[in-house]
Amino acid sequence: MFHSESFTVTTRGRGTIEITAEVARIVQAAGAPRGLCNVFVHHTSASLILCENADPSVRSDLERYFARLVADGDPVFRHTAEGSDDMPAHVRSILTSNSLSIPVVNSRLDLGTWQGVYLWEHRTDPHRRRVTVSLVG
Amino acid sequence: MFHSESFTVTTRGRGTIEITAEVARIVQAAGAPRGLCNVFVHHTSASLILCENADPSVRSDLERYFARLVADGDPVFRHTAEGSDDMPAHVRSILTSNSLSIPVVNSRLDLGTWQGVYLWEHRTDPHRRRVTVSLVG
Amino acid sequence: MFHSESFTVTTRGRGTIEITAEVARIVQAAGAPRGLCNVFVHHTSASLILCENADPSVRSDLERYFARLVADGDPVFRHTAEGSDDMPAHVRSILTSNSLSIPVVNSRLDLGTWQGVYLWEHRTDPHRRRVTVSLVG
């Protein structure tokens, strides 16, 4: 059994957006009781993470940590024509994940108690990001 | 063909634990001659890596490198209610992997000569970590 | 439907090599109109990334950034018997990806406009790297 479906996330610039509900809805509609779900983002300056979803300060700390680890305007970067946040966005995407795989049990995402699925926009400007959910069962 | 099975790893605090044998056993029991195996950890403060499995100093170097890259008690972190190692554990999990996909040939993990599957506990205290192995063939 | 096929990439030492065409050829030959493609590298000192494929300066910036983030000869590393670039190669592999999953539509990789599949050789010497493409549909 294979099913896939895409959707678009409109971001408001750099930051994380929870998409657990959208992914779960597609998995439930697909109807396979057991399987493996893959979530893929079709871009190189946004990424996907599984993150603690209880305390929002986890995600603001994450943002602050990465802003220091991969600094906008770092002189090590020469590809700057698209802005000082463009190369950092590519690096942040590569340091995190382009896709996630999550087990499915009883047509639900078998996530841990505190795991949420987040799209992470790494550009400072708002973007439209395409995400594809694939389900194998 | 789809098969999945979960198991629990009891950790002794921060460090890597090889789980190649547990994953290989589930893959062999599933009986599919060819396929793709996914290993998933249901937590946001432990992760999974494929690492060189010959010289243990590779994993102690890895630990020392990450302890410096994401320092416990770094003042950039404000989410500190659960301890100074909690936010670093989330960041380390996101910088590494929440799941691994490994080809299966002849009902065996088709790993490279020096590749082992490790669960990486990022908290300093011992924890029980749930892992799910899914096999598609 | 399941299909898998392996190929070898001969690297010229540290750097990125685009393998999108090889992966796409295997996916097309497999003949499944829809599915999920997994690309796996059987080594712990080379990795796989999805990277912007338009401007080569993105990849040279990436190289320069990682050379600073995980410096060859860093005294934090004690596993140095195989050279000062060996432990950095393991760390760089773990910070990036051992495998990639990519949706397949109409027997083609459904990559974003600027996404290319790259093998990243992290050792300074040339190596032969085995890659396996698995397709589930």
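General remarks:
In this document, chain identifiers A, B and C correspond to the written order of the chains, with residue numbering beginning at 1 in each.
Keep this in mind: a residue touches a chain if its C-beta (ideal position, glycine included) is under 8 Å from a C-beta of that chain, and two chains touch if they have at least 3 such contacts.
The shown structure was predicted, so the numbers you read here are calculated from the model rather than taken from an experiment.
Residue numbering shows that subunit A and subunit C use the same positions for less than half of their mutual interface. It takes 120 degrees of rotation, in steps of 5, to superpose the Cα atoms of subunit A onto those of subunit B. Centroids of subunit A and subunit C (each the mean of its C-alpha atoms) stand 20 Å apart. Contact with two or more other chains is made by residues 95, 97, 101, 136 of subunit A.
Touching subunit A in their complex are the following residues of subunit B: 2, 4, 38, 40, 42-45, 70, 74, 76-79, 81, 87, 90-91, 94-95, 97-99, 101, 130, 132, 134, 136. Contact residues on subunit B toward subunit C in their complex (touch as defined above): 34-36, 49-52, 55, 57-58, 60-62, 64-65, 68, 95-97, 100-103, 105, 110-112, 114-115, 136-137.
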